[in-house]
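All chains are identified by letter, namely A, B, C and D, in their written order; residue positions are counted from 1 within each chain.
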Amino acid sequence: MTTPLRITVWNEFRHERSNPEVGRIYPDGIHEALAGPLREAGHAVRTATLDEPDHGLGGPVLDETDVLLWWGHKAHAEVEGATVDRIQARVLQGMGLIPLHSAHFSKIFKRLMGTSCDLKWREADERERLWVVAPGHPIVAGLPERIELEREEMYGEHFDIPAPDELVLVSWFQGGEVFRSGCCFRRGMGRIFYFRPGHETYPTYHEPLIQQVILNAVRWAAPVDAARPRRGNSEPLEPLG
Amino acid sequence: MTTPLRITVWNEFRHERSNPEVGRIYPDGIHEALAGPLREAGHAVRTATLDEPDHGLGGPVLDETDVLLWWGHKAHAEVEGATVDRIQARVLQGMGLIPLHSAHFSKIFKRLMGTSCDLKWREADERERLWVVAPGHPIVAGLPERIELEREEMYGEHFDIPAPDELVLVSWFQGGEVFRSGCCFRRGMGRIFYFRPGHETYPTYHEPLIQQVILNAVRWAAPVDAARPRRGNSEPLEPLG
Amino acid sequence: MTTPLRITVWNEFRHERSNPEVGRIYPDGIHEALAGPLREAGHAVRTATLDEPDHGLGGPVLDETDVLLWWGHKAHAEVEGATVDRIQARVLQGMGLIPLHSAHFSKIFKRLMGTSCDLKWREADERERLWVVAPGHPIVAGLPERIELEREEMYGEHFDIPAPDELVLVSWFQGGEVFRSGCCFRRGMGRIFYFRPGHETYPTYHEPLIQQVILNAVRWAAPVDAARPRRGNSEPLEPLG
Amino acid sequence: MTTPLRITVWNEFRHERSNPEVGRIYPDGIHEALAGPLREAGHAVRTATLDEPDHGLGGPVLDETDVLLWWGHKAHAEVEGATVDRIQARVLQGMGLIPLHSAHFSKIFKRLMGTSCDLKWREADERERLWVVAPGHPIVAGLPERIELEREEMYGEHFDIPAPDELVLVSWFQGGEVFRSGCCFRRGMGRIFYFRPGHETYPTYHEPLIQQVILNAVRWAAPVDAARPRRGNSEPLEPLG
């Protein structure tokens, strides 16, 4: 790999503590399951959770974050508006953001999309198969042409998002639906990768291929050392008149 | 033309009343200058302004609007959040939206884009030349390959918007800048066309070619009689297990 | 509807004459099955087939065509290069093109895409379900959120095309694959809509919802009365030096 | 930097030998001027020119090339069709391609675009200013918000290309035109970056900022170690019937 990145993995961290089934799959929380492979790859990884002060994102944390992963589900409403404002500002300045699964309904994802981000869903222990539709994309480097998950929650179209800047993965579900499961967006100087899988009652984030997608996505979403555009009132560069 | 559309032209309507120079150019307000050619084309046009109750958008107005034009500048902050919420909901349901010129900083445009929508600007009586970069697009039907405006305010890149779904016009400015001046976006079932020209101290909306772009854009942004997608919990369409 | 369009339906017209099963489904050829609903909608429809002189596209036919539908399968190689050149030129000038099903491998579609247009396939009498992923798009006006075809040939990803300018429909297949089945492209001043269904051994083009998509697509792909851009050596519009 | 890439710089290499003015600017040919900074950055760089056997691209050269730069102008017609076929195949397999300046009219670029790639032009020693319109893009890493070239050939819209997958740079010209000067395309598994500047009578490729764009573009266009999608007849992955 190349330069290590400063990654913050944010997790709601409620299901793991209230639902023993989830606690068995993710005994240290989804955030630790996500953080592990990123640490092994050499990145500098912090975690942050909803019930910490400032949701774990106070002080310099966001300023020191290159890429932020976000998993939330039942407590989106408890995330403070001021935190959402700060994350949005950081994305526009270049921080990468990777909303996972039910984070489609997070305040920050809806803020950055401008749409409802609504979809179909069903919890029925069914098979999901993610197909690569952009095989040369860095987010699917080293992956086979499809990923199979024996049991997952179904998400179905229409997914109310702006057309992705790049569509990388499309899911097939056993019950008859399809879904745009790997979607790239650019907002300001930041990059966003929405990645569908990861319902809390399945061991999805322990799957090596899923971990590989996330590793690739983190690298793809990392900030570029770009010159900041100047904005506001500007003198002419050419003679007028 | 085909079916008449129900159009609402919204205008801040402050500059015209406080600045005599603007009042001379637009004696009945920018909204009436915009409404005129749309009425002549056979559309059913209402106007609405900031200082009316509910900003003129109360009751059934928005529900009865196919396409909403929006001109605002110095009083964006006075537009009520509840109005912004209702406009956003209507766009996602299919209403067209045409933010004009300084409406790049309107609450509703920023809400739908998810970005800062910031840019460079300069008021220096300089020449603008809008080049068509998508010559087969319906929004430039019947137009020449460029539009010249002898005097306009400059807007320059970087314009902080998501990449447009379709880029139709790019402006050249005498002072040395360029700008993405005609930008199509789809959000939910609605269509948005941002159109740059129209600083209040110039007679831009009296220009026939500018009026033609707006007429075309209104037609392009009109709602399609689309089946509403179902969302939420969904039964399987295929046998599971 | 609005102005009638001049439509040419091109068909290879070989399977219908050599395979009795196909002949039973399309006794007058696939071209007549496609032409019927377009004629009923008021359009001026011609047909043209491979074995006619100049493939039925000689003389003024292409110049007098607003939108060209194309169905071909086993005889792509027999289409003359000069015909492909003329179709490409007409698309760049604004003629709409609707390649259907196995026309993904036609010379004209590959020419306009620049890629191999290869894909997975299987003939196994399986179910296809096309999901609308762009519900406000004019090509799906009046349609439900999905179309079901009880038996079709499977086409699976990766479909080697450039990313569509707009992705409208994604197919689910019973055997486990997905496919980008309704894809919009703009090339020059022309519009192209690739539409997947229509294997010759199934009565797909007799399905009213499939006919509705094609009717909508023809309207969407119709040429816009656009000013032709000037190209080549150009005098400056501003003083130099 | 990271892993060195295998780069081939292809140049027509005719102007430098026939026009003393060009020979003075590029005494070893445009290819050597382009190759120098890429070698200094640690890449493994070959050059190849039109008048070599197989245009310098025979044997294993293309198979051993990660990214191919292409400069051509007056002798596009002399490039053999078989060479164009082989380059196209390699791009679809993942090789990066960077067509420069007048290579907009090269056979390989037109083949991959499917359009005429025509444009306006003028040789009048005028000023060009390239504005960054995608400031977070890796191709503009480390660059200021604009690049100024005191004298260049003008290229003007409409540039007849498919809408770029990402638009990175837009040029302003002194004579009144604009141009999409930095355009990203994906075709198959390969990435293409068209970069406008570089008329042979100006020292454009000696400009450090232009060299930086090319260095960044080479890195961006490098192949990803992607699993090759399987195509053709495919067995079902799920039980049918």
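The criterion applied here is as follows: contacts are C-beta pairs under 8 Å (C-beta built on N, C-alpha and C of every residue); 3 or more make two chains touch, one makes a residue touch a chain.
Since we're looking at a predicted model, the values are computed, not measured.
Distance from the centre of subunit D peaks at B, each centre being the average of the chain's Cα atoms.
Averaged Cα coordinates give subunit B a centre that lies 33 Å from the centre of subunit C.
Distance from the subunit B centre to the subunit D centre is 37 Å, each centre being the mean of its Cα atoms. Multi-chain contact residues of subunit A, defined as those touching 2 or more other chains: 129, 132, 134-135, 145, 156-158, 163, 165-166, 174, 176-177, 186, 188, 229-230, 237-238.
If you draw each protein chain as a dot and join the dots that touch, every dot ends up joined to every other dot. Of all residues in subunit C, only 2, 94, 127, 129, 132, 134-138, 140-145, 165-166, 174, 186, 188-191, 223-230, 237-238 touch subunit B in the complex they form. Residues 129, 131-135, 145, 156-159, 163, 166-167, 170-173, 176-178, 180 of subunit C are the ones touching subunit A in the complex. On the side of subunit D, the complex with subunit C involves touching residues 88, 92, 111-116, 118-122, 124-126, 154, 156-158, 160, 162-163, 165, 174-177, 185-188, 229-238, 240.
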